[in-house]
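Both complexes shown next keep chain A, but they swap its partner, so chain B is in the first and chain C is in the second.
Let's look at the complex of A and B:
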């Protein structure tokens, strides 16, 4: 079992990065129809027929009343459209090449996306507060390498390794968070600086060395390759973190306050929300998740070089934005962000399977990102005017 | 206790509070006592320090000197949360809502009822919000987003927020400014119920009749200083105005007689969807025309569309007979239009740049040649205008940020007057500046009009509108609803039109 990752590592490493970004016909196909139903619902509601709106297919929450708020519909529509695009993409690729969805294919898809999904969950929490964390890629690289050199040639347990990764990640997150929340330095600048600082530390430390999978204890590698009922640990871990984060954001005061801060910082201040503490916590969480991801990176690949996950921050931010978390804060869910991450990863894999030139992958990611932001803007304007009209009726 | 006839002890009091922002003294030795079961009015002109006082009570500002007493005990509010926990609810002039969250979440943000393990009890939040809406007699879905709510509805949400934690002290900063008559009546009945339940109310309104209708006691501020605290029983509206203004109105608004010339600015059927609609009017040479209305009526938006900052969806603007290209401030400036914007810190000035640089900004092409700016010309232009407007400054190379509000406004005026405009549009020209400078600005506008300049003035300051304007145009919810000549413009007629009570009358077509 532990041999498997070792054998696959180099190949995996190579295909992982390209796989993390890109897209195909589905984005265009997925985004456009997604807008239509949404729009139709608005107009129907505008015209005064408020009684019967088809309830959204996604599972309604506990207090599922017939008249869901308009914005809930929009959110759900966003998640649905991405889910739909994902489905179309997977089915299309499968039809073109059935081996895409055999046992190994599915396992690869899940494994390839789980670290990105994890990072997207952490990033969303920060983006919801109208901030950004560009240092996650570097944090993953640093913690992966740090955990690697910590366990190399020892028999430390997976748990110790993960805790070390999380601890290191929290530390990085706290530095960024303190500068942003208490230092009042714009998040973009702070985390860009942190990106280079952490990268620098990592490179200086690694000094061109790499962690070899053969030195990593089996217990740690088992975390990356083991599975329950045929499902690898990694996606299960991501799903658990995702569910926990979503639940917290939805049902706890602290979570709602993050949305409030992103939605209107001035109002949040007047409502007595401890803004600085919340933003600091958001960064610490993002850092913790990135550190966790670093430990998992080591567990999965065994062989780690200093620039692991280099450049991932942009992929993560893209996933989050494509997934419907507004870059201006206050809007979006981690589920959407996770779907965005899944979409980007799957698209990368699909393009490889379909033998599309990898040059296109980045371009398609870019197009998808622009489409997402444009959609956000348009939906935002339309919603506002639709709501305004309703309140004037 | 320096209050006579005090029955119960004040629930909340300020004693000898002072607060400065940089060089500006916003409050000086102000005292205020709020009694349970009593509605207390806070009167004073714009810039008298009312908002600063409220923010001190709300824990937003910490006083430089003086004490806040809660039930007679000195307290220090380190933030809005402290004040809220002490039972103080504040409704600000401009609603502060989270547009992306539901009404229910807006009301209970930070203090949602919780079930086990600290989870938010959504059902309870929803139920409580629905109950509040019923109590306020409005039909708003608790799950609806705050985005896109009308200003009145936003105000309702703010009031519901205050009601939701059974405030002992309710502070309202011009809550009725954007409400219709029936909405105001409903608000007052809610306030009375609260007051009868023993809550203390602090009420601010520029409508004097509302103060007399709702309140028992009034404290008057002028220029950041305490003037009087007294029962309203023996007072008349004139008494109150005299305390607020401290001098006669005639003296305050030096209106010069002018000869009205030809049409300088003509606006025809100007429309911006969802903001204002079908606005037509003319401003003639030598005339001061005021654009009055409530906050949010669309006045600033109209003048911004005239100047081309925002592009109008339909309609035309003619200056001196020539049609102006839409959406182009450059074209407007070339045609001789100048706009002194409402928010001078954000839009009127480059705060970090020097006085001379700011004044020079509007005429960079004339201050040199070949794309270079000659410092000597820039300085000369600034010196000229600084002298003409009696600007109080240290050096012309000082950043505008260090000047007082009144002097900053003079710099903005200088910047635009230096372009030698034919039409001067001023948006809230005297907001937040002291009374002395205010009178200077008024005198300046008057004399400019006397020299033949066409002046269009947006103002929320009713005495200013009545004192300065030759004609008053009144907007209500994005439409021009009345045009009143100077003789017919009174506080009553303007307010009536602004609140939509006489929508048809004298509507300018």
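Let's look at the complex of A and C:
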């Protein structure tokens, strides 16, 4: 926390932009020349409102470019390093046991990770705004069961089921979102409360019953088992949601504003960003994604008990954090979060294939998580001080 | 002017609610106010109550420790496997406590020296400690702990002349000590300063990092002790003991009016929160209300506990503002 004030918030940066562009004109409040190198270091794409400076100021060109490419590298390095770790893990496991990457193996990997990837995408949108949604696990459980009991013994189509799931998820997300944005209560507490409430409703409704795969219409089950060109639907759906979210976060004004809110809520407010509406939308989105995941859970497994996805909230948050989305908000991409989710699931499968004692799995996950956030922090400190030295020169 | 907010402090409200639940319970439900039932109800909250003490200090200082329940599990698993290996129980307890303190030290080190947010760190160690617990004990369950110690933790054995079981008696003593430390010493007041404005506290000469480190060590230590109590109380050491308990502890503390943003709250409120959830669940169980409904009630109470004070403050602020704008007009 203590080093946050040093980092200029995206909204403030944005305010400074016009001044930076006309570097030949005398600076308005004496701010421009001194600050220029400072905000050039925020050329990373994913930290704030259009932080990329298309027309770089005339200041020392070569130096500026190298600073920028260094920053680019560092912040892309996050996704790169996770991708690299994932690759090493997959290759290593494959070398040790080739059956890990045969057709069935790949299919299993994709299927096992797709729901977590989906949830991670939703969660990262919330975490980017410096909030958290702990209720996702119970929303998945509730919607999976609700969709299951809705379609049991009927011949509803897969589309209806998915829409029902999304609708229910949005409802849950809106309740949390309203409490967080308009009730101004801490996100962790509210979503923890919602976790209990939704879980309680789910269990009370299910009452120990379960949804049987034999009662679920084939159309719905087909969503979980069908494939195009040998690729199952589920990972395709996750990839599509992921791509859409990433595009929105990166390109649209609303998406950039989410980063601004997470970087510095006060500055975002002063910049005129409708914080409440954006945060509410982020929660609604996270809820929608969780509801969608619930419907897909039903399609994938067919048999659903009340505590489906019980305790997943922390796994989802873990994969988001491993994926480089800062829990303090404003930093990270959904791609990173998705890679984090992939890494966690792949590691689980790899340990099974390598016949590592399954008891070790959780401990290794924990070490990985700690290593991820620690490296992040250290790299961050190093680059900040390196860049400060550079800008002093 | 601030009378509404003054008298409607949330920790007072929780205290009143606690008394109301107790009175309503003893009036309507047969057997609720029996000493045996109260002993059992109190003893059921023993671990939550114990961990809630350091957790309150942490939350007041603006930190959180989600790894406590995993530390409880690790301590329980360690006790089980050492007991199985034939160690004496008198030796096992200090080892478990040491491991707990070390675990807390790791949390504190990552938070204070590396400078990571406590939420992220303790989600990581939550996974790590639970994982280590299952590495230590696997999926075995160890029972047959020495009778004398096992008896100490059950609710049937109470402090002579009262209905208070020993773990709760210990908790009461620790609660008084913690309350004095939090409210009447420089150490405790510094925690409020840290929670309210960490930078300001630092510039005021408070050793912010050291204090936070101490708190995390304390939390790990108490959590591992709670693990031993848990093991003895259920007579079974398992790696998944106390799974998910961290959320209940945090819910209880927050229910007692300790502000999650730090800097606000009293230990009395937190204790009242723990007891309220414990008694309410006991009362609902006696009335054949299903476990699911109890979970819903806990969740709603939690949301209400954070929402109500904010609504009250905003209402009183609005009233004040209206009074302020009206005053010059009348004068």
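Structure notes:
Throughout what follows, the second predicted complex is superposed on the first by the 322 of 393 C-alpha atoms of A that agree within 3 Å, B and C clash if a C-alpha of one lies under 4 Å from a C-alpha of the other, contacts with A are read in each partner's own complex, and residues count from 1 in each chain.
Following the convention adopted for this analysis, a contact is a pair of C-beta atoms (placed from the backbone, for glycine too) under 8 Å apart; a residue touches a chain by one contact, two chains touch by 3 or more.
Predicted model only: the values in this text are computed from it and were never measured.
Once the two complexes are laid over each other on the shared chain, residue contacts for A:268 go to chain B alone; chain C is not touched. In the superposition on chain A, A:83 makes contact with neither chain B nor chain C. Contact with chain B, but none with chain C, is seen for A:253 once the two complexes are overlaid on the shared chain. In the superposition on chain A, A:378 contacts chain C only, with no contact to chain B. In the superposition on chain A, no contact is made by A:336 with either chain B or chain C.
Contact with neither chain B nor chain C is seen for A:148 once the two complexes are overlaid on the shared chain. Comparing which residues of chain A touch chain B with which touch chain C, the overlap is empty. Residue ranges on chain B touching chain A, taken from their complex, read 58, 60, 79-85, 90, 92, 96-102, 105, 109-112, 114, 118-120, 122-123, 126, 141, 143-145, 147-150, 153, 274.
On the side of chain A, the complex with chain C involves touching residues 1-3, 132, 179, 183-186, 188-190, 192-201, 203-204, 311, 314, 317-318, 321, 327-328, 357, 359-367, 369-370, 373-374, 377-378, 381. Residue ranges on chain A touching chain B, taken from their complex, read 62-63, 65, 67-72, 251-253, 256-257, 259-260, 262-264, 266-274, 326, 330-331, 383-388, 390-392. Only residues 64, 66, 110, 114-117, 119-121, 123-132, 134-135, 138-139, 198-199, 202, 239, 243-244, 247, 250-251, 254, 260-261, 290-300, 302-303, 305-307, 310-311 of chain C touch chain A when the two sit together in their complex.
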